[in-house]
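First the structure, in the form of structure tokens, and then the observations on it.
When the chains are written out, they are named A, B, C and D in that same order, and each has its own residue count from 1.
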């Protein structure tokens, strides 16, 4: 049976971990299979939990988040017969029993950035990140590029919530940051901040501006007020690994991007009314260019810098 | 037998009883503070209670006032059996008490302290207004004026106690308990207090007075009870007894009530102080140019009303206040700037110091007796080697000191706070005197200490002097000053008003000097 | 009252009560409390594997606990353990990344110096502000926790991160400390047990603190100052000196926690390396009555709760990590705060017993 | 920066200061009575959860508020039981309460809503709506004053005004009523209160009770005023900041207001100017985020100086050894 190790953020962070959890659930629903699942409580448990899973015979085992990279590189060699998949990591070199799944969040963020710029009337849009880590900067940088692509005149305000782990669970601060951005003219806000994002979307709805969700589809949170969500299909990644099972497991680095629907934008009944066709067509055009390679979005983590945004 | 005696007392002068206690017992854990105590107090009398430190006086009264609950026994107020579970009940029964250790809120005003617990209605304004009037009234009646808006921490201890009495009177107590009230008063303040008490008695109020001072007992009480080791050993009419008899009843042996000492044979000058000035934290000048000197083998007594600079004098000499001026010890100038002036270097230079307040400064109340024995001298090689303390040596030394100074109980492993006042003081005195210093600073050596211990401590001071050491004695007890000093300097408002020889002066003259009155003579 | 009652019976009763109430909560969410307790205990101490983690956590809590305890003896409430340990981690990382260390023992000593220096430094500022300006140590240490985390994030994201890697953490250190398995192969610790030689350092720290507080002159002065400042002045003990020295020691101890977590376990500096151990340290010190032996026992108890909790959570998905936090809270509450609820009646019982005996 | 910008920062200041102020006043009552309370954080968190949970159940924010107060009060009484009745260590009790709240909120939340400890998002009557003070709109056009009134003074959740009212009220209670006199006395010298025939225990329980109520309101404001639902650990250390503010304010109501406004202001500034350039160099955002805490230390060391807590604070009242 496969195993899933939910990261510190928690199973219901309305974003990254939740998306993974949904993927697992979908697999259960469709295959009626069973899987082992546990949540990390602290740093020291990363390695511990991987080993426990492996010793329990779970296979393949999915771990979420870059923070596990180092631990996994320790653990994997000790359990050659167990297959591991790790999300958001692609730099572990070739480990025969590890599948490294990295997402091109910058591409998805680019697209929602374009939409934000199109939807904005003030020409100012904003971004709220959780804790200031490279992954979040990757989101922000892609977003800013998209915005400026659609409207070179636009200004992008990017804020981070805090420097302690509570930054992922501080909706109050998130709301306050959003209000402050609104006062600086922002009328579309993109949140990549876990539990904090809930506060961001809420504040946006309260102040009647548009917001953009992240990771899983958050359009339903405030129907008609969430412009879209930048989908990061961690659920698909998990689902695929689970379905492939131990037999079909493939090691190596997998990139989930626009081309393979690894990232994308959410369109559904909740936001169709506020996403005009013109906007969509431009976004799709850009998407095609990116896929075809005609357009490359700069990835912050490739060189730890962003051409259009200073942090 | 004591019971029998008391009961007879009760009957013989047939006066109505204000208070009767029957078979009161109280123990604090292992300590049996009161053992089956019975006592009767007649209405409209002043009843004295004396006894050694730790005899159980305060405990007994605290029980009467509902502060402690007795383990056994009955209380009768005005003939009625009365349950006194808490102070509320005691107050309701018309009992007021001034505790040995005052129970005032330091940062409240006098007025706030007086009304606390006796307010009328939910708002302060009316109560405060009423209290202000009533206080003015009381002040007139008993000439006890104190600024109602003064904050307690700014007032002298004498005034603190005045506030405590006002508290009791404000609550219309007709039975007033005072626990060692004069321990902190100057003679004049004490006389004043006694006038007040007499006045109260003449209005038919009943007063219970705990004190260590036999003179006071003889002066104003009508009857006196003696306690010893938690028991009531006797109750007698004051006029039928004598100080010597009381002292014996109290301590269980003959006590020498006056200090006998041979005339001093002063040697070379040990301490020279020239134009010493000290400012306090607020920058107020507390010592305004004090000059004095002490020679080997003599006791210089500093008389004065508390708060006239004596404390600052001790502190600056003891090394924990800074000042300017010149201070020489055996000819060597010592630093006053604060740089090299701290308790440690002072001790090193041969100054020992028995501070005025043993509980606040002299001892760490939570330290064991043996730890306190080295306090301040913990750098002494005898007590510590390298970075380590030598606890064994400390304990042994403590056992010896306790034996020599008759500290009770002689147990080095008890915490300082579980000794009674007198014995705490003995621990401090033993520590300082046995250093055999060139100069001993000693403040209020016998405050709140029973006569047995007083006798002992006085002997030690005299012995030190006879060993050719210099002693600077600060005390608000004039008779203590008179008894011990070879010379007496009177301080008033941070200055030395004058110096007198005990043989050539008297309490009235000193009293005047203490009041700042400088008369032409001498 | 016999001593064994005081130091054994009463704490055990308290613990039992805490577990009982925890059991009720567990039952409330529909799990079997008895199984839960069994899993918890077995997971914590039922195997070398369990011990490995239990003692690893214990090591962390010993350091942070001792840090708070030492400060407490001078009546200083140092709640800056979190930040001081974080800085300690930084010190360890800088030292270990600076040179290629030939042997772990030398590296350990160097890292300890680094950890203590940085931890002490982070405690020194609040200490100085208290000593010289009277700034309340509780505020300043709280603030310094926040400042420390900001500093660490900045350095990890912008300065000492491995280029190209997405995770804000330093490179792995060249050296790694021998873990329990390397040292005691025959016991059967897993090869990767996090328990390492730092545990020994922690035990030595307990002894050292005991000696410091109850055997040295400095300890004598620290306690004296803690009990009464005026008395300390009378005795010629300088408050400024005591405040500074005590806080430096306290911060140094917090910093040492990083030796275990950063050098011993993670072998690199990650975001938030302290993981709340600083705050657990407060509880540990208070429950241990600021005595090294008490601190050790309390730390062990928390180590068991952490490890046992992790197992419980793993075995019983319905039992989340927050449930473990609840159990920890109840343990603190009953063994720490509600102690007298059990103590007084027990004491009375034994007093009467003696009375009857006499 | 234009007037509106300034107003927005001040507006944000008020919002950020409110939960701090409520918690700070809560601590003030408790500590003035001699019961130290580092459990403010936990009480706020617990209250926040129950406010959100019951608002979610009933769709009525006021019921949420009552639930919050009840929950926080329960923790206060636990604190009282431990530190007053059983004379336990007040710090331990506070620490325990913080842990307890952090755990219980999520455990119960998970059991009730199965959302990993979060509550459903609240809308409509489930949240405190902003109240527009009379004439706000009418006056808005008036230069300067208009915006100030409409933007800054008007348009906050009712709890904001409640919190502000509590400042003079607390001052009045503490310094103008019998209860206040006794409460301050019991924090300074319980023996004085005891010998004056007043029950120390009762007084202290009242004090922690008040503390509970205020923390309850603070938590409710977090979850149903500022946010629209509960997220685990959402108090995010504000209880500790409130504690700092309390010491900052030297345990006095008006100063508490000033202190909390200061903290709120610093946070607002930190949010507003997260990425700025000074002399061409970009100041690290982490520095800006740490700025409130750095400034707090600077101000404390530079201007506030020594704060003397109530003398009997932290010590259980023990008559007989």
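What to note about this one:
In this section, a contact is a pair of C-beta atoms (placed from the backbone, for glycine too) under 8 Å apart; a residue touches a chain by one contact, two chains touch by 3 or more.
Not measured: the values here are computed from a predicted model.
Listed by label, the chains touching chain B and chain C alike are D. Among the remaining chains, A is positioned farthest from chain B, on the basis of C-alpha centroids. Distance between chain centres (mean CA atoms), chain A to chain D: 34 Å. Chain centres here are Cα means. That of chain B falls 47 Å from that of chain D. Distance between chain centres (mean CA atoms), chain C to chain D: 29 Å. Per-chain Cα centroids separate chain A from chain B by 76 Å. Multi-chain contact residues of chain C (touching two or more other chains) are listed as 146, 150, 153-154, 157, 320, 324.
Residues of chain A in contact with two or more other chains: 132, 163-164. Residue positions 117, 232, 237, 286, 289-290 of chain D are each in touch with at least two other chains.
Here the chains touching each other pair up as A-C, A-D, B-C, B-D, C-D.
Within the complex, the chain B residues that touch chain C are 318-320, 342-347, 353, 355, 360-367, 371, 374-376, 378-379, 384, 387-389, 391. The touching residues of chain C, when paired with chain D in their complex, are 25, 28-29, 77, 129, 133-136, 138-140, 142-144, 146-147, 150-151, 153-154, 157-158, 279, 282-283, 286-287, 320, 322-330, 332-333, 336-341, 344. Contacts from chain B toward chain D in the complex involve residues 28-29, 65, 67-68, 86-92, 97, 99, 103-108, 112-113, 115-119, 121-125, 127, 167, 417-418. Those residues of chain A that touch chain C in the shared complex are 37-45, 47-49, 51-52, 66-67, 69-70, 74-75, 78, 88-89, 91, 131-135, 138, 163-165, 301-304.
In the complex of the two chains, the chain D residues touching chain A come out as 4-5, 8-9, 11-12, 15-16, 19, 115-118, 121, 222, 226-229, 231-234, 236-237, 267-268, 271-272, 274-275, 282, 285-286, 289-290.
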